[in-house]
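I'd like to ask you about the structure that follows.
Order as written gives the chain letters A, B, C and D; numbering starts at 1 within each chain.
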Amino acid sequence: MTDYIHRVQYYETDQMGVVHHSNHIRWMEEARISYLDSLGIGFVTLESRGIYSPVVGVECRYRRPAHFDERIRIQVELREYKGMHLRVEYKMIRVGDDELIATGSSTHCFTNTAGKPIALSKTHPDIHEILAAAVVPAEA
Amino acid sequence: MTDYIHRVQYYETDQMGVVHHSNHIRWMEEARISYLDSLGIGFVTLESRGIYSPVVGVECRYRRPAHFDERIRIQVELREYKGMHLRVEYKMIRVGDDELIATGSSTHCFTNTAGKPIALSKTHPDIHEILAAAVVPAEA
Amino acid sequence: MTDYIHRVQYYETDQMGVVHHSNHIRWMEEARISYLDSLGIGFVTLESRGIYSPVVGVECRYRRPAHFDERIRIQVELREYKGMHLRVEYKMIRVGDDELIATGSSTHCFTNTAGKPIALSKTHPDIHEILAAAVVPAEA
Amino acid sequence: MTDYIHRVQYYETDQMGVVHHSNHIRWMEEARISYLDSLGIGFVTLESRGIYSPVVGVECRYRRPAHFDERIRIQVELREYKGMHLRVEYKMIRVGDDELIATGSSTHCFTNTAGKPIALSKTHPDIHEILAAAVVPAEA
């Protein structure tokens, strides 16, 4: 589990006075990129090796509003990886009072730069090994 | 069912050359607002009557990439409404070749402007009636 | 002069209850793209012919706040074009009361897809002619 | 002079493969907020005392493209303050090679929460003093 801190920006608020819900989807990306960096397979590395990892699906549950200037700690866990797909889960927790702001998940496939799906186990076994080793199964 | 057309903007693309996945969440909001407008209960009306409808959850499945300058037709269906929660489903379809780009859903509650949950059936029965009548159950 | 209508989205507002100022920069792009389309040299055409037109500079003066759900009419004028640079000016006017919301301008150069500056008069004389003919000098 | 570091996010890129120019406007806001924080008069403080500081004008000159994952150091200088208006200047410099990415400025007024202009020297003399003392005149 790796934590990432996002500080809420003014331009992320809306006229309800809270963070607009589309931003949490972007925060998950920020945290996922930081997490993959920590594994040594960041986006820059992946793209330099001809790999894109487009988002196949995303979901988010909003528990409490986030506000301007708050720091949100985002916990990332790689929940599933089976060669073709990756599933990542997120917990967004406010720094200070530890309130759970939101939970989310994203699912990804892998493609070459032309957009064609690839199986990392065949095309990039070193990256495949790193991902396979990083999976944290859901608690029973 | 009401359709809304979103034209893909340049600033919605990312360096993969396709629309960044966070924008589909925003398109769902655009389409939902247009749909509620068509029912006579748009956001401006709701907020003027002291009602916010924050997003409680959102999900999106991405089927095909969307590209700059494409027109995306967004079909909106109010799938569930039970006084406290609203569930809306979306199909995003490319104009021209009718390809299904993405499907999604969003769930909403209702609050007063202080953020306290309200039951429209009690606080705003006229709006409650409009929503209850607009529900389209999922096909069997 | 060509007009473009932008409808203000909820996600464009901020906690001041008005449109966040970064969005006007995006609206200028929307209107510029629509304007170039009307000249037959839209971004898709330009990029398919190997031309990018990056923004070299931008400025915006905010006169009045814009609000959610308002329609903003954006007038575009191609003010200067001298083979290497393009200068476009914008007036953003609220539909309904004709209030001037903002004025802006953007300056652009032209590059090939590798980012190297090009002179359209030499590389793409047909596009050069269209731009040269479209210039509307500032009023005396 | 205070420096702020922004790390370029994937969702800030566009299909030219570089940061979309609207994001620099947002980075200036991030850096300005951080700068005002360092003076003890951050946005949260200002808004809690009933002060908004809307943007009256903004400009940006783009020198070199910024790319995903780069760190951009943003230097902020409060260039002018005369009771009613504030002018802030920015230099955006890539960490690593110290290349100047962009320069910009923003101009602000002060209003109460109802949007009415106020003169801080009269309404909030303590904040007025802090701003007046922070001005760094342009070099001769």
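Things worth noting here:
In this text, contacts are C-beta pairs under 8 Å (C-beta built on N, C-alpha and C of every residue); 3 or more make two chains touch, one makes a residue touch a chain.
As the structure is a computational prediction, the values presented were derived from the model and not from experiment.
Greatest centre-to-centre distance from subunit D is found for B, with centres as Cα means.
When the C-beta pairs in contact are tallied for C-D and for B-C, the bigger tally goes to C-D.
Between the Cα centres of subunit A and subunit C there is a gap of 34 Å.
Separation between the centroids of subunit C and subunit D, computed from CA atoms only, is 24 Å.
Inter-chain spacing, taken between the CA centroids of subunit B and subunit C, is 29 Å. Residue positions of subunit D with contacts to 2 or more other chains are 10-11, 16, 18, 22, 26, 29, 68.
In the complex of the two chains, the subunit C residues touching subunit A come out as 10-11, 13-18, 20, 22, 68.
In the complex of the two chains, the subunit B residues touching subunit A come out as 16, 18, 21-23, 25-26, 29, 52, 54-62, 65, 115.
Put simply, subunit A touches subunit D in their complex at residues 9-11, 26, 29-30, 33, 42-44, 68-69.
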